[in-house]
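Okay, got some structures for you below.
Both of the next two complexes hold chain A, though its partner changes from chain B to chain C.
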Partner chain A sequence: MPSIAEQLPHFLTYYNVEFLLKAALTTLALSLSGCVFGFVLGFAIAILRETRMLMLLPFRVVSVVFVEVFRRIPFLVTLFLVFYACQVLSFDVSVFIVATISTCIIGAAFLSEVVRTGFDSIPIQEREAAEAMNFTLAQVLTLIVIPQAWRVILPPAFAFFLSFIKDSALASQLGVVELTYSAKVMNNKGFSPVLGFGAALILYFIISYPLARVGLHMEKRLGIPMHRRP
Partner chain B sequence: MNYTLQFGQVIDHLPYLAGGAWLSLLLATLAFFGGMVIGILGAMAKLFGGRILASLIDGYVVFFTNTPALVQIYFLYFGLPEFGIILPPFDAVLIGMTLNSGAYLTEIQRAGFLSIHRHEVEAAETIGLSQLQTVWYVIIPHIVRTLYPALSNQYILITLGTSMAAIFGVEELTGRALSLNAETFRSIEIFLITAGLYIAVTLAANALLIFTGRYYFRARMRLF
Partner chain C sequence: MAFLCIDGLRARYGKLVVLDDVNFSVEKGEIVSLIGPSGSGKSSLLRALIGLLPIETGEIRLDGETIDYRDKQSVRRLRDRLAIVFQQYNLFQNMDVLRNVTLAPTKVKGWPSEECRRQAIQLLEKVGLGEKLHSYPDQLSGGQQQRVALARALALRPEVLLLDEVTSALDPELVNEVLDSIRILAKDGMTMIIVSHEMGFVREVSSRVVMMAAGRIVEAGTPEEIFDNPKNERARDFVSKILHR
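The block that comes next holds the complex of A and B.
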């Protein structure tokens, strides 16, 4: 215990703190890019699943399989799969890109389900009425479904963004220099693991907690009152 | 792109890999039920305990849900020896995952307790049920039915989370995949098969959970 207190001044030098903060930014960039691209892709998948054209059937099947497969594989295995797939296909990309691709993949898989749940939350009668009035699918979605469904979609999508921040810790296994990896580097430098991993825990908390509060606030503000629908 | 997939070597080791799935499931089940105990106690303490106890539980939940499970386990595995507590990898992972899932399950179960309406309890009193009967026949069936889908979802998430144990050298599914990889270097084939095994395991677990839910608790769930 005294050794930890002794090490603290050496631990909190400018370069160490800068290194940790940069790593924290990498963590944020990784989860944010994964969430944004994942959301766009997930939205596309959810819309694809709403189409009924026979021509698009193969795409629908592929997207359903994609979603069901990647929701059932641990993120660590997804990371290794993407990593070795890049190797096999001889793409020369950095580990950061590999981690981003993996986050995008699971983001698309999970968020497409969130979007689909949002679409499903709109009473089917409204859509049937719109279809009866000869609205196209694009019109049904943009004029009727999405304006109502985004309040259902946004809070869980934000919760997934938070979970990606935590999942991105696994990217340290590939050697992406993010927060967990930087803590390991600190550990290897000879600092006490309590300091290194403790600092990582605190930084993760500092990133995640305010966002969690925002998410909670959003959930309350956007929450649809229970009595509006029978 | 001159790579031909060769599964031969991996197929030979398939029983070894599949054996790891049992350890994954065991780890997930232990962590889940440990987390359930923490969750029930935590939810009770948050709702009926005093203000101090409630804020303590709140701190625990907020801290564990806002930091990655991986770093928590790292802290337990590498940090605790500084204080003279040396945990074997399996125990460190199990304790870390139990504490982590306990935090999530506290929140889930608190929501379940809150879903009970006063009217239901009042109605039970009106028809003359005793307090114990109210808990047994009214509150518990209601809570179980509302919580069952969320809980089984959490169980599947914990099962996927157990792959983290591989990092600490536990020989579960991902751990065995990594050691096979070091032996044979058939990387992509090994991880494809590992992914397939995970899908099979979680699908089977999910189907079982949905069947039990429908049959015993009349919980409405769907597989896809």
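The block that comes next holds the complex of A and C.
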């Protein structure tokens, strides 16, 4: 078997690099959609659970069941559930779409709990004071609760984002050509695992490092006590 | 008919009855103090009044209007005329002092912001905090925070002010600065319902004193009647305990 140094020129052909970068983009797209859509939907669910209106009760029940169910089953199972659900309903969608739907579901379920914990961290007395002054729920949330909740929401949210990039590798089980899958393909082509998985390692790092930096920056801006903000 | 009437009020926390057949009324300009041992229902009464504790039965009338606590609009109208200050101040931690005081008048009442700002500064000066406009709550002492809370409540121009043990969480040396601010309000003719353990203060400012025990009113009268000559057994017992500490 040729040495790694000898393999390298053959490994770094235009076709292979394009293949790996495309796979990296798939990983990025999967995790980004899960994080962004998951966070938006998670925020909406958390706010929904704050409401007391009778009219919204059915939605509250559905969202609680949704969150409690999908937080408790493995991501891999969610992937297959969505996959077979699409087949049963004869939706003709690609495995990539199946994986994207799954990441969004998991993201929403987990992040809604992160957001809710953030809301709950604000002393109930502060909210009572606002309620006694006739603030509406929307005002209480936007003026008092959410600005203070970032401190509690951001660290676990970004920890979740980062672990999510890695979890997206499970989509390879459905045949989605994301980063881990592509490393395996390179390995099967006869390249040393050091090259295939080494490239995946570097690309995973390139994807997640900036995200970690963004998280740190946001925690600094939003997560510190008010009077010490620049 | 009195300005604020409470009639046959009953409320529970779970199984525990915290208010049981409470009747009393407050005239405009009166200062009524609620005293009694811990757990006697004084704070619960204030919380029930402002709609933070659901009531079971009973009627509360403000200025002739019966408040329906199940109707949001009715409670909104009530809260529009009442304000409450809590034991734990409950300032908004994410806003400076000035914004704490101007927030409700601008966002809830919709008054012009320049006017609210002027009023807030005036009120903060009145409670001796004219220098602290841009401090955040966690930079202030308990007494200062409580005076901000007082200014915040007054900024809503309430017709009745509810004070729920506003000095109980304070260090002894900070109690007077808050009491002094309340004395100023008393002089201005503010209608107040005060829950307090500061008996000297209660005796000094109250037009009437209501003594509660186990969720019921056991005696009501002028400060002199209650403190010098309580008729009821429990009232006598409580007074002798607190006066001979």
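In this section, the second predicted complex is superposed on the first by the 206 of 230 C-alpha atoms of A that agree within 3 Å, B and C clash if a C-alpha of one lies under 4 Å from a C-alpha of the other, contacts with A are read in each partner's own complex, and residues count from 1 in each chain.
In the analysis below, contacts are C-beta pairs under 8 Å (C-beta built on N, C-alpha and C of every residue); 3 or more make two chains touch, one makes a residue touch a chain.
Here the structure is a predicted model, which means the values were calculated and not measured.
When both complexes are overlaid on chain A, the residue A:Gln139 reaches chain C alone and has no touch with chain B. By the touch criterion defined above, A:Ser208 lies against chain B but remains apart from chain C after alignment on the C-alpha atoms of chain A. Once the two complexes are laid over each other on the shared chain, residue contacts for A:Pro147 go to chain C alone; chain B is not touched. Counting the residues of chain A touched by each of chain B and chain C gives the higher count for B. In the superposed model, A:Val64 lies in contact with chain B only, and not with chain C. Legend: residue contacts after superposition of the two complexes on their common chain; A:Gly198 is shown touching chain B, with no touch to chain C.
Of the two partner chains placed by the overlay, only chain B lies in contact with A:Asn187; chain C stays clear of it. In the superposition on chain A, A:Ala169 makes contact with chain B only, while chain C stays out of contact range.
In the superposed model, A:Gly223 makes contact with neither chain B nor chain C.
Overlap of the chain B and chain C contact sets on chain A: empty, with no shared residue.
Within the complex formed with chain C, the residues of chain A that make contact are 123, 125-126, 128-135, 139, 143-144, 147-148, 225-227.
In the complex of the two chains, the chain C residues touching chain A come out as 50-52, 76, 79-80, 83-84, 86, 88, 90-96, 103-104, 107-108, 135-136, 138-139, 156.
For chain A in complex with chain B, the residues that touch the partner chain are 1, 3-4, 64, 68-69, 72-78, 80-81, 84-85, 87-90, 162, 165-170, 172-173, 179-180, 183-184, 187, 192-194, 197-198, 200-201, 204-205, 208-209, 212. Those residues of chain B that touch chain A in the shared complex are 1, 3, 62-63, 65-72, 74-75, 78-79, 81-83, 156, 160-164, 166-167, 174, 177, 187-188, 191-192, 194-195, 198-199, 202-203, 224.
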